[in-house]
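Both complexes shown next keep chain A, but they swap its partner, so chain B is in the first and chain C is in the second.
Moving on, here comes the complex of A and B:
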């Protein structure tokens, strides 16, 4: 360094002398601030439990997708010779009061539960996420109007709204359930995404991208989206879990898919009458749901702390 | 005769706040030629940052009113649409921000942050952009640039990050670089490196630089001209030599005296400026500095001094200017 910024007298004459060098600062000045690449990258691990959970979810999803290809018993076949049987060789999880195989009904039931969870979250994110990001980025009147609308929707208890709509919108099927829960989830997604975007949108790097000539669209996609993605993904995962619970609750009230289509919630509902004679009937779908939700929540939580980049690395 | 690169005339930026109209920038005029460095100096709240953002054409979407003129290479920034301004952002004028910790996207590799504007603005292919980005990283003095290309901002130190920020700003070869307190967030030793780097780059790339700072030590050796701001107005402008050795405005002297000097004996009391900068919503008729000024008279409190010429390109706004001093030999 040839000049010190706090020199006693300001050597105006070195105005010309100081820059005469022309060549760049050189190695000596750079070494002081150089951070070596090795040693910095101490990668955080997600841990084996995370991967076990991912594996379990994958198994469930694959099972649900390929249920009719897998060598499963017909979940609708009523075998009156083995009614209310406990777990055994022929029926791994036992049979229900109509002699249907519980194992294959649990596997088929995953279809409804997972489809409801994923489907309604897709709707919620498809609408709530762009709205939330735009509102937080643009602010002003657009933000004011959307936020007010969303808060009005939020003020209305979602479960009562869903029950109300589903009671009258008959015949019920999976698509309708997905639509209703999906719409109910929009304001929740909106609120989370908007809050996350607000925190990012005021950062200097967004302004920096803007003054490099980036369009609003590029700023939303390249600067904001990657920064809110971790929050969005963990909310997505936890949202799916919440919807599966909600579907279970609706099924228990008889408002989910119509019998005989199995869903985890439906099966728990059907088991009510025979709970004393055949606890297996409630146990296995409840266990399947619990494990699935546990894994989802664990993954969501793990992801959130893992991708908390902003705080940890800066 | 061709127009200077940047011509600012009677620029005013007014914010509508709940407590009244706030003139953050009030009637600022100056010129900046090609390959010149201009220092804008003033206390916190003197309107430096708002001025630099107004020159860029960066305003909040609401509650702000800009009048006057900013001509940048023949382009009128005031009143231009976002789309029109976007065409000069990056290519004509670029900005380096105060805090390198927040001016890089933490989740994008630095290489991609540089290639982004190269590809979008200059239409380079992926390979071209990468080669150019590595060149830029080398230009701003980042060792083993090819390896760092894949680093995340979190893996770099503050000084390194500021170098990357500068590389991004330079990516589309702007003719004017606006550096808003580029070294405030850095260690003193790194500050000098970054300032020297800016200086060298200015020479090499033949661009103009506006250096906004509250630290006179920063501008002392690196600017050709200085604009001293107080309460949104220009109170003195001149060549760096004039401002340091022949200042007329008592505020400029107070500012100079409030810089610590290494030559002073230890435990010397630092000459601070008494009081605070005024609240810009309730400025009176007189000189804004009058309440804090040792030389203030009734006239200062009643009537606002206009900029007065004191020689070639040297102007000041004061009713009681300090006596001219000869520059030291």
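Moving on, here comes the complex of A and C:
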């Protein structure tokens, strides 16, 4: 009987992972083994909180997709008669210093965050996942070379590099941000996928498939892929959370999408100048972002313990 | 040990090389003629000639890189065309602020995370552990730029604590007391992010270590709980903690940028964003990006070395 929702592993802070990460992953498997002995027998139910989180994320995503169709106020409309109004009947979350409706800006702002999170993870997985699987399956020289290259990239301070590239690669837009963060995430996806594949590649059923004359492609797609999927999915979820955090930081520093476009980070940045008069301006986008991140982290964490990802050391 | 260190050193040199190439090419990401973008329209021919000479802009790319590298190796990162101050001078004046911020935040984070992790690990899944587990998990979802904004709203706007708001920074040498107060919110913000990571890593490692046989042995000898925790369990459990610290440094510096930007503290982040980016002072941005990246990589290298000393098993792969 154990309902501890918070597994002792902390999400590998994907975009900041550096040199030491690789050596240390050995430790965490020992840790996880010990905690499983401790009585954490993965329960086959994900629990209501998990589904509440999924529901919240779905609501956010749907809101972002259908923002145009929903009966929302125009997020760009400046109504100078209600500047810096607190929450009220006409403006549920109040208005900003230009009289724009904060609620609809928060809903529209989700678009940037979600697009950045999903987009860069698509790039990271599209490149990192096949490379990681192939490297772990083939081993040998291919594995040696790719792993070394990825190690060098991993040691590269990704956050600073991202800031650097976005400083120079003007004019900035969402696509460029997605590309830069996506590339930065490739070595992390690679590392996780490779470790996961290594753990299953030596299993008997892979050998059995080989003996039966299955092609490499078939083994990779039918035997290995389904078995590393849980690891990949939980890493994907936590990766999206990390990217959203990073995009927010970039927006806060003025390195993300340009001013009139609402994004959660942008809105927090804009609130900077009149924090004293209108704290609502910072509160609602911050709340939206934190809840979204919390749900993502929770789902990622839950999935990981549910599928007992421990042994492949995330 | 020596072989391991040499191998890591070779890797370090390789990474620094990659960083230098990357930082050099940043300039070429700019749309159009770098000289025009850097100097602005209507720059004097003399300034243009100076920039061309510094970066070798009329020569092939490879040659440009080596010209630039030659300057950098001599500590010359170029001279800002906006403030007329050498970039290395600006960095030299700013980096101590970042250092102070990081050191203060790390002290704060360790002082809170270590005892709390020890208390949690003594009774895993107990009430204390659960509450702290849930609390730290929530804190994990709050980015530093949100923490600092709310600390400013509450502490300096509502409570009116003096010298904590924006632009209240005073150099340590001018007035240590005011300097430390102005560093209060920045260090708390940075410490919060580190605390979560350190607490969670150390707690899970301690829980594992406490189930090892040598701990049972120590217990059966009647050694006090306190002594077991600090003398027997802490060291073997601290390796992942050190690793987490090393991984954390890039995030800390970037978090520091955010805080400096909001509070107008003239550290590297403020120089980078406000002086560099907002004024299009690209040589300053390039210099800071390069210096900070190299610093992070070198610090990680030193940490790897320390981790090795704490747990020599690691280099035996």
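One rule holds for everything that comes next: the second predicted complex is superposed on the first by the 265 of 314 C-alpha atoms of A that agree within 3 Å, B and C clash if a C-alpha of one lies under 4 Å from a C-alpha of the other, contacts with A are read in each partner's own complex, and residues count from 1 in each chain.
Here is the rule we go by: a contact is a pair of C-beta atoms (placed from the backbone, for glycine too) under 8 Å apart; a residue touches a chain by one contact, two chains touch by 3 or more.
As the structure is a prediction and not an experimental result, all values here were calculated from the model.
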When the two structures are overlaid on chain A, which partner does A:159 contact: first (chain B), second (chain C), both, or neither?
second
Is A:167 touching anything from chain B or chain C once the two structures are fitted on A? First, second, both or neither.
second
Is A:69 contacted by the first partner chain B, the second partner chain C, both or neither?
neither
Please work out whether A:248 is in contact with chain B alone, chain C alone, both, or neither, and reply first, second, both or neither.
second
Just chain B (first), just chain C (second), both, or neither: which does A:279 touch?
second
Just checking: does A:204 make contact with chain B only, chain C only, both, or neither of them? Give me first, second, both or neither.
first
Starting from the residues of chain A touching chain B, keep only those that also touch chain C in the other complex, and list them.
2, 4-6, 8-11, 18-19, 21, 23-24, 27, 30, 33-35, 37
Under the definition above, what is the set of chain A residues touching chain B in their complex?
1-12, 14-15, 18-19, 21-25, 27, 29-30, 32-35, 37, 40-41, 138-140, 203-205, 207-215, 218, 222-223, 226-227, 229, 309-310, 313-314
Quick check on the complex: what are the chain A residues that touch chain C?
2, 4-6, 8-11, 13, 16-21, 23-24, 27-28, 30-31, 33-35, 37-38, 151-152, 155-161, 163-165, 167-170, 241, 245, 248-249, 252-255, 265, 268, 271-272, 275-276, 279, 282, 286, 289-291, 293-294, 296-298, 301
What residues on chain B touch chain A, complex-wise?
56, 58, 61-62, 86-87, 89-91, 93-95, 97-99, 101-108, 116-117, 120-121, 139, 141-143, 147-148, 151-160, 165, 168-169, 171-172, 188-193, 195-197, 199-200, 203-204, 215-218, 220-222, 224, 240-241, 244-245, 259-264, 327
What part of chain C is in contact with chain A in the complex they form?
11, 14-15, 18-19, 22-23, 26-27, 29-31, 124-125, 130, 133-134, 136-138, 140-146, 149-150, 152-153, 157, 196-197, 200-201, 203-205, 207-208, 211, 239-240, 242-244, 246-251, 253-255, 257-258, 261-262, 272-273, 276-278, 282, 285-286, 289, 292-293, 296-297, 300-301, 303-304, 307, 314
